[in-house]
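The structure's right below; bear with me while I get my questions together.
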Amino acid sequence: MVDQKITPLEFEKPLALLAQQIELLEKQIGEGAHPELENDLDRLNQQYDQLKRSLYSNLRGIDHLALARHPQRPYTRDYLGRWDSAWIEMHGDRKGVDDPAMVTGLLRMGDHKVVVCGTQKGRTIHEKKNCNFGMPQPEGYRKALRLFQHAEKFQLPIINLIDTPGAYPGLAAEEHNQAEAIAVNLRELSGLTVPVISVITGEGGSGGALAIGVANRILMLEHSVYSVISPEGCASILWRSADKVAEACTAMKMTAREIKQLGVADEVVTEPLGGAHHDADFAAEKLREALVRHLNELTKMSPKELRKDRQNKFRRLGAFVES
Amino acid sequence: MVDQKITPLEFEKPLALLAQQIELLEKQIGEGAHPELENDLDRLNQQYDQLKRSLYSNLRGIDHLALARHPQRPYTRDYLGRWDSAWIEMHGDRKGVDDPAMVTGLLRMGDHKVVVCGTQKGRTIHEKKNCNFGMPQPEGYRKALRLFQHAEKFQLPIINLIDTPGAYPGLAAEEHNQAEAIAVNLRELSGLTVPVISVITGEGGSGGALAIGVANRILMLEHSVYSVISPEGCASILWRSADKVAEACTAMKMTAREIKQLGVADEVVTEPLGGAHHDADFAAEKLREALVRHLNELTKMSPKELRKDRQNKFRRLGAFVES
Amino acid sequence: MFCSRGFLSENSFQRAAPRPEGLSDNDMDLKEWFANRKKKQEQAEVKQPLTTEEYCALWTQCFQCRELLYTKDLRENLHVCPKCLYHFRVGAEQRVEQLTDPGSFEEIDANLRSSDPLGFVDSEPYPKRLRDAERKSGLVEALLSGTATMEENPVALGIMDFGHFGGSMGSVVGEKVARLIEHAEEKRLPLILFSSSGGARMQEGILSLMQLAKTSSALKSFHDAGLLYISVLTEPTYGGVTASFAMLGDIIIAEPGARVGFAGRRVIEQTIRQKLPADFQTAEYLLSHGQVDMVVERTKLRETLVQLIEFHTKQNKPKSGSSQQTEPVIPGRAG
Amino acid sequence: MFCSRGFLSENSFQRAAPRPEGLSDNDMDLKEWFANRKKKQEQAEVKQPLTTEEYCALWTQCFQCRELLYTKDLRENLHVCPKCLYHFRVGAEQRVEQLTDPGSFEEIDANLRSSDPLGFVDSEPYPKRLRDAERKSGLVEALLSGTATMEENPVALGIMDFGHFGGSMGSVVGEKVARLIEHAEEKRLPLILFSSSGGARMQEGILSLMQLAKTSSALKSFHDAGLLYISVLTEPTYGGVTASFAMLGDIIIAEPGARVGFAGRRVIEQTIRQKLPADFQTAEYLLSHGQVDMVVERTKLRETLVQLIEFHTKQNKPKSGSSQQTEPVIPGRAG
């Protein structure tokens, strides 16, 4: 019942404490020492379930952020492998770089054949470093663009999975013009005539996320977040204090439900209670069902309609007063 | 009459010797020492003119090669500046590199507005190094491609000037996939719907030359050369000797007239006697006249015709027997 | 009229613009300089007919070479230091004056105002910050857009003003850029956008980020229509503006010394833990790294833009009776 | 049957192929190895029932791991060393056998022969070299082209053979590639080209260079027709072939260990005057440098090609009565 392998987050500490007590009690009962404690155990288990439900239905922005960044959260490759164990990975920008932080390939999903692109964080230290903690280089965005063009040529739908702190603020990245790499992707994605669905699976960090986020449908996992700047960056600029991350999270309205209320996300996809990392299979299946449903809808549209639909979606976004 | 600033080539040595004698004689006569030598001077001058004409009408392949590589030969920028002192240079591949070995820009020529691309050798030691002796990097070919696409968008004719030993055989060039850069240019040039004219102004070295050489019309300056491999490379592979460059030049049929006979070049453009470096203004004007003439013809064709014309031109090239 | 630290926008000459976020303050304050100077002069010979404020109106110190410049001369030289070519920041209205035929500029979409979709509050509510920014800068938004003629060539022109809210792009800037692009496409006008921005406007959250997609998407249609877009990068252009319309020009021009990038210098230095080259992210650095087509001095910007517009829009007219070889006359070129 | 140094083409097993130009000769000669062994054995106990030639027909030494392999097993493993996965070079006909449905391959353009447009002579005239190459390799050209089916999927297939004239591309190879592309476009077939080449054929001079343009141009039309082209890079692919059709695949696959580049390793080392990394220009190096989509072992090549073809050509058939969530069956996959 209590998943021991999952590292508890700060806000999950009360739950973890309770779980420890339950475990202790179970051990004692198991050893036959205090069979009269069984009632206590039942009560504790009930408390645990209650606390869990109430905890996860009253999460603050910063709690979602913590879940979105949970080190055990499923990453792009975890989803792809579950959806199609025979998916075909494609590599490289053809110009000197294969960015491991951007995974691209061909995949079957239900009756649909799709091109997939996704940012990839690493699990092990070596992977993390290799994937630059999920921050693609300009060449990563250009690799994605190559696959978008492949999809357009063969009229294949595109699914993008987004889980990135953003583009990498590095010397080479600026030298190789990451601003241009992102901008070109925004422009070219908007012109495609195939269905494009983007999913924020974890962190949706600024322009680096949007670079594969110009889609007909934007889905967000329940605990994922999407923001114009990292909450840390926002706190340090507007509050001039690194301690105000929670305030920045709240102010920016970056949770899945808020982003949907703002008209940016089209659907919030339910995660297992406690977050996708508690049951990656379940999370992958839920997301898969949602994707197939949207694919079924979008593939009914004509190429021209698809392009127009996507351009209209972004044309409408924004809030202003016209006097 | 004798141009002193021009460095004589090996095969021009007899001419240079004669020029020295004439100069000596002129000096003596000028000093009033031997006025009776005036007849000798006339005779020598006649000899000089005769030798010059006969020398330049009986050049071997390796002599053309030497002229094509003459350090004082006009380079791309020398032509562009003479054709339009107000030409507008465009820079960069937008992805991190501006290759000085590939010059690109916008230029007016007669009533025509054209996009120009050209390989650039350096004149000074600093320039030579900067331009990598006229050998573009992959990013140089991609810079040219960007301009080709610009020309296509705005339906501007393209003029390419070629004077390059070839692509650079370097580590970074291979890493950045120069083969792909060249191949993509070949494919994309063939698909353009605007007039493309390429001119071999000096050395046309292999794939690195062809990368901006897929044109509706291929012009060659009288002493320019065009070959599938450098004569030095050919000699070392087939003759296994660096001394056999002259033989390789002859065997490969790489002079302007030979390339025209093989159906590859469409026109040989006359150079001043002794080579373009003897009178760059004249050479530039002659080439300009030829270019305007071809532009006038090509701009009468429809976009579709232009593409078809270019594809047909290369489709026909080759020699084989069909039994 | 107020004194200015050269580093600030030319707006500050007239409007005491708010200190843009994220800019360093290590330059010498001109008022201080005058105060010191006055003190010295008073000690020597007491003969000081002008007040400090009057002095400031007349003189401007160059941020780069520290030369004291006669403000009127500086303005006539388009706010470029005649000594060291330092390009002072200029406001959108001044750009219009510098670039367009007199009286030809017609503003569009002047009636768009920011709202507060998130109810955003940090130390102050966003609406109050907006009112303050408007009062201080005299501008209602960070972008001025409209149509004009340049040497009789009609153009669609959008100019960002760093003086308002650090040139940040929120919904209004995004909407105005998108409408300008659509207007230019409909009328088949060449489009010129001047960028100057600290990035997306945090106070409008994710909706600001979406303006990157909105503007880039509008440029896709514009591009496919075969129309000309010239992007001009001016000091400073960062973040979401760089990563959208600023980098999508058919031709990209930068003003000398302008700093342009995606991530800011300080963020990068903190990330990679090493000092960056001094010229990092300057216009000249961008040029040598293939990111811009040309760096053009402000005093030659107008003629360059006209030349480029005429090159890409005017049909070739065969001159009757003239030879094909005649050098064409390019209007607007000094030589 | 002849003995082979593993480094040479599998052709050499049957045809004693000419030594390809530009390849090193530092590997141990197998005959020598046997001679030594025999000598030793004779010294010990004289019991040697097979002649050297018979031995060679039965056994092959792996070039990489030096293991002695039973030739029949090696052939059944598609000439991939079962110990170290070294990929022996194979000829075009063998590729056809390995890849296509039995009996499905129909060659086209078999009647094209090289001519001698330049009258090229070095130490020998080009026509004589051609005759020698044909006699030694049993092939009339360096490319075999035709149509076939792969697990019932019709394809246009072109395979270069390094065994003929070092796989060099002259007019015939260029013409055959162009015709194959045109044929594939007309019949709307997926196209697969296997490259293996030392580059353009010098003996046909500038006309060889023009084959780069001819083949790339044909691929432009093919590409615009929305058809699938898979390029397979095999040991070795260099020069003009790399710089044309080999690098233009929608998908590019390389065989493990295959060396692919534009300029040759030795030329680069002479130019830059430094040693290159050991894995420079190998398939694996290309993969990590973003130049190929995947490196696929020969034993999995056929199923990968079929999978890719079916992915890009077959229409999605909604399975009647089955749920959308059912994992699709991908034919030709081992698991």
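For reference, chains read A, B, C and D in written order, and residue numbers begin at 1 within each chain.
We take it that a contact is a pair of C-beta atoms (placed from the backbone, for glycine too) under 8 Å apart; a residue touches a chain by one contact, two chains touch by 3 or more.
Note that the coordinates shown come from a computational prediction; the quantities given were computed from them, not determined experimentally.
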Exercise for the section: Have a look at B-C versus A-C and report the one with more C-beta pairs in contact. Expected result: A-C
Problem - Distance from the mean Cα position of chain D to that of chain B, given in whole angstrom - result: 36
Completion exercise
Distance between the CA centroids of chain A and chain D (whole Å) is 43
Exercise for the section: Note the residues in chain B that touch 2 or more other chains, in rising order. Expected result: 94-96, 175, 177, 180
Fill in the blank from the handout: So chain C residues touching two or more other chains come to 223, 247, 289-291
Exercise for the section: If every chain is a node and every touching pair an edge, decide which shape results: line, ring, star, complete or other. Expected result: other
Problem - Contact set on chain A toward chain B in their complex - result: 94-96, 138, 142, 175-177, 180-181
Handout entry: Complex interface listing, chain A residues touching chain D
Key = 84, 86, 88-99, 106, 108, 110-113, 139, 143, 150, 153-155, 288-289, 292, 296
Practice task
Within their complex, state which residues of chain D touch chain B.
Solution key: 21-22, 111-115, 117-118, 120-123, 170-172, 174-175, 178, 199-200, 202, 204-214, 216-221, 223-224, 239-240, 242-248, 261-264, 267-268, 271-272, 274, 276, 280-281, 289-291
Problem - Interface residues, chain B side, partner chain D - complex - result: 167-171, 173-175, 177-180, 182-184, 186-188, 190-191, 206-207, 210, 213-214, 226-229, 233-234, 237-239, 247, 251-254, 259, 262, 264, 310-311, 314-315, 317-323
Practice task
Within their complex, state which residues of chain C touch chain B.
Solution key: 223, 226, 228, 247, 250-252, 287-294, 304, 307-308, 311-312, 316-319, 324-328, 330, 333
